[in-house]
Amino acid sequence: MSAFPEERALWEQRVASLEAASPSRLGEAWRQLARNKLALTGSAIAAFFLLVAIVGPFFAPHDYAEQSLSDAHFLPLSEGHLLGTDQLGRDTLSRLLTGIRISVGVGFGTTLIALVVGTIVGMAAGYYRGRVDTVLNGFVEMVWGFPLILIAVIIIGAMGPGLTGVVLAVGFINWAGFARIVRGEVLALREKEFVQGAKALGKGDFFIMSRHLLPNVMPSALVMGSYYVAVAVIVEAGLSFIGMGAQAPLPSVGQMVAEGRNYLLYNHWISTIPGITIVLLVLGLNLLGDGLRDILDPRLKRER
Amino acid sequence: MLQYLARRSAYMLLILLLSSVGVFYSLRFAPGDPSGVAVSAFAREEVREEYRRRSGLDQPVYKQYFVYMGNLFQGDLGKSLITGKGMGELLKYHGKNSLILGFAALGLSYLIAVPLGVLAAWRRNTWIDQASMGGAVIGMGVPNFWLALLLVWLFSLQLGLLPSAGCCDGKHLILPAVVLAAEGTAVTLRMVRASMLEQLGQDFVRTLRAKGLPERRILGRHVLRNALIPVISLTGLRLGWIVGYALIVETIFRWPGVGYLLVDSVLRRDYPTAQFFSLLLVFFVVSANWLADIAYGLANPRIRRA
Amino acid sequence: MVVTENDPGNERRGDSLERVVGAYVSGVITRRQFMRRGVALGLSVPAIAALLAACGGGKAEPEAEPAPSPTPPEATPEPAPAETEELQPVVGGSLREGYDLDFSRMDPINTNWYDPGFFTLYDAMITNDPDGNYVSQLAESWEFSADGLSATFKIRPGLAFHSGRALTSTAIKEVYETIQDPKSGSPLGSLASPIAGYETPDDTTLVVKLNHPYYDLLNVVKTGYWRIVNTETRTRLGEDYAKNEVDGSGPFTFVEWIPGDHVTVKRWDDYPGSTVPYFENTGTAYLDEIRWTPILEAAQRAIQIEGGEIDTLHAPAFQDVDRLTQNPDLNVLTFAEWSGYILTTNFKKNPALEFADLKVRQAISHAVDRQSIVDSLLFGHGEPLYGPITSADLYYNPEVEQYNQFDLAMAQDLMGQAGWKPGADGILAKGGQKQKFDLTIDNESFSKELGAVIQAQLKELGMDVGVQSYDRGTFFSKILDEPGVDMSMFFYLWPVPVDVVILFTHTKTIPVPNWGYASIPEVDAAIDTWQNAANAEELQAAGQGFHLAVAQHLPIVPVVNRKKIWVHRKNVHGWIPHQWNLYPYYNDVWLEA
């Protein structure tokens, strides 16, 4: 989604700007991160949500599935329910904490897997070229342009609704994006002197790939990564919204918005609170991605 | 160039083939089958077995696949198991609605994004730039279903200006088109701006400025054309993503397009309809990508010359 | 409005009076009818007048003037539903109606569910008027023989189907025979088991011969599944019937069905007219066209009628009812509904869960807090079901209220008695088997909420329940394909609910539609008594006996009943749903310009 077009432009620019590639851009990147306001805000938000996802549910005041029909529709800031309750009397805060865990988990989890798989495939394809490249790149090209939601509908239609289907669908497509970028970068990098030099010195392929190529490839991959997490979060929420994602009583944030939509005129908080949460989470991730991109891309940075 | 072309075409065909298999198998893997819908869930098992036999549903799946593909190539697209309507008829009705929605959304997004993006790049770091970029970031972050809820709440419930769902006139088109266009607009906006900025930083622009050309001409004649190249190749991808997003938007607004039909037919196990429209959408997306790749190849001198 | 009577043992009368008052306030019956029924209930005229004054008028009338005169009711001025006195019906226009489920194929014989469209396309032999009496539709008159073993129906002459074929007694016989044929897939065929055969001495006489006296026959033939379709057309088109063509005898003809989107019918100009006494319009319909839109999203239904996108609506979301009632452009009509959400436990599929043990089913039943479901999910528009059927039913037995009350401690105790102990994770276990299973529901938004509540309440008992929701077509497949599912939740809706609950609970109807494989001798016996009832009194006693048997033995576990809520915009006239039919008829409906 937002990832792809950016990626194309980014790729072109990266390839051109790799004249100045050096083996350890990563360290420099970290330092610059601290100085860039956008990236800082974005990472703060993303880190916050990550933290909430990991430890939040431990602090939940109630069990997320605990219903209390007589306590339904409490407004936020009611006693005992900081964010109010939903139509079945479940504590919104507790559900939100678990929902964030699910969304972030799905987002980061699928992206991590996609990142690893994509990097490996892209690296292998770009480095070895020849037949390996043709085959691997063939797969990548085929999968890359697919509308994620279409695949999800078909997969979920077959497997039945549930998080498993969502994870499968998202993972099925997103790895290709990473593979594409990594391959492109590796294709450019492998001609560089330091790579040729290492080869001449007799260093093994694996050594070259991990020590020289990987660190240079990681920045772009990470930039894409933050976008992809946002994509995964939105897709999971959207699928849950139309009933194909997480099932009751699992409180996926998308599902919370969905459940609340029948009560918009009666008690809008049921949808509003999780809705705002998704917006903030995705915003944070996008800002992080933008910030990272700005740091890592000297040409664009000059224009700012 | 030719090699590039041939490679991309080969990929397209391969995808279509694999997708057809994938769609076919996954539908049949799902629980439930059309006999409960076409005949009656309350009918005796023998009656439904009879139906399955007659429709060839008791054959092994691969055989069914070949029969289906064979029919497809002979022009027999199949009929809906639920309504008996032919695929052609369904395509006309639902396809028309989807095209209307898709082009409205696409048009809307470009209409807003391109001028605004150019403006933002030209007036870099002014309030216009900040505001557009801010809007774009938010536009990318708000999930479309939530945006749909907000717009419905505002325009249907509170103001009573627009209908909350349904089809098929201008009034019903506005909200779904806006929701569908939202994310694309944000992305395109950023893309246009970034692309413009990149071009503006090129040496040839400095040269033109040194020559004394008015800024407007530089922008309009030289910079814009180059800047729009990646945006054009973007269109192919955008179409693909609109197809994907349209599924959700159509379902929310009950706009009877192809996406809505697809979700509905998958849920009801209306095999012929689900298969045909899945393949159709895949074909559409793949073709759009293919065309975009061709356009990109033509525009990018490195590839064109190869 | 609360209506009370100070007679102690008078609940029955209070019920009827409340119903009559409700009908009057909603504008279903006229003031004259109200007075007549009030007198029949034993109230004095001043009492009735006071009631009238207290209740105000029905629809948009000026405040009812108190009329304490002792003159006979006929003399009081007749306001009737005000509109039809002051305004003339307008011919033409298209009615847009919102409906809360998706439509099924319009084949009355093997449809899974019965939709409003059937009331426009097909007629039945007899139907009900707003007072609950049987009235003529296709049949002019009917009578049972003295020995109760045959029923003779006189059919109106000169009737025809949309395709032109004459609608004779033979055509009707063909329909009924098809229903009885198991291959046809009719869900109600077993209701015809007492029927031995049919005779058609002439084109306008149909004699139904019975194996034993079967007074319930009238309740059966008035229902939607027994509406008259042209079997010749149906056979000719086979499973394509009702996809593009429908052949009935109702005042409208079929135009199209786009699943998930709409169903359209248009006026049949050759309609011979109707003899249903309470219809004002005895000729062809006023409306040009009717278009139903299924609106599965509960909140959308209210939004659409408030916004004027639809003219009439069935079943708004319960949380919206108050807001709709206060809307000056809308009328909200509330009736008792013969419906219920029921849980079906599968006796056979997974014996280790021991659903066949009465104690386990009772435990499940006692763990469900029905009253709070009514209060919070239904917003008060419904009632708890301790027996299978609503208290508004003719055959209701108040004794069922002793059973199935919410009592978590008793539920846990019962499970303990059955040998189930909670494990370390809180889930009941016995001999290595946990009480872990899925609850299968359809994907309508209210079903999903109710499913979530049941899941949570059974969790308190120690059962680990997962909820699986499917679209209606797949839902029926899942529960009806052997061996079925462990537990399902189903919503039934039927004008004579005893008949339909019988189908879910009789040993003879295993597995379809008794998809729980319930087989309980006491329940079977109660059903047999009902089916052999020869007259109204016997039917009454048998009905009450059946209510009690189900509450005691739980072949199904009833949960809650909901009220029937209809909404229409004030420019829609003649649209009169009432509680005896599932949906309104459209013969009288017209739109004010």
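Order of writing sets the chain letters: A, B and C. Residues in each chain are counted from 1.
Keep this in mind: a contact is a pair of C-beta atoms (placed from the backbone, for glycine too) under 8 Å apart; a residue touches a chain by one contact, two chains touch by 3 or more.
Predicted, not measured: the structure shown is a model, and the values here were computed from it.
Of all the chains, the one whose CA centre sits at the greatest distance from that of chain B is C.
Across the two interfaces under comparison, A-C and A-B, the one joined by more C-beta contacts turns out to be A-B. One inter-chain figure worth recording: chain B and chain C are separated by 43 Å, centre to centre, where each centre is the mean of the chain's CA atoms. Inter-chain spacing, taken between the CA centroids of chain A and chain C, is 50 Å. If you average the Cα atoms of chain A and of chain B, the two centres end up 21 Å apart. Those residues of chain B in touch with two or more other chains are numbered 31, 152, 157, 267. Within chain C, contacts with two or more other chains are made by residues 303. Residue positions 160, 261, 264-265 of chain A each touch two or more of the other chains. Against chain C, the residues of chain B that register as touching in their complex are 31-33, 36-47, 51, 82-85, 93, 152, 156-157, 160, 163-167, 254, 256, 260, 264, 267-269. Those residues of chain A that touch chain B in the shared complex are 1-2, 4-6, 8-9, 12-13, 138, 141-142, 145-150, 153-155, 157-160, 230, 234, 237-238, 241-242, 254, 257-258, 261, 264-265, 268, 271, 275, 278-280, 282-283, 286-287, 290, 299-300, 302-304. Residues 105, 110-112, 182-187, 239-240, 243-244, 257-261, 293, 295, 300, 303-304, 306-307, 309, 470-471, 473-474, 476-478, 480-482, 512-513 of chain C are the ones touching chain B in the complex. Those residues of chain C lying in contact with chain A across their complex are 297-299, 302-303, 317, 319-320, 323, 369, 372-373, 375-377, 443, 445, 448-449, 451-453, 455-457, 459, 466-469.
Per the touch definition, chain A reaches chain C in the complex via residues 65-67, 69-70, 72, 87-89, 160-161, 243, 247-249, 259, 261-266.
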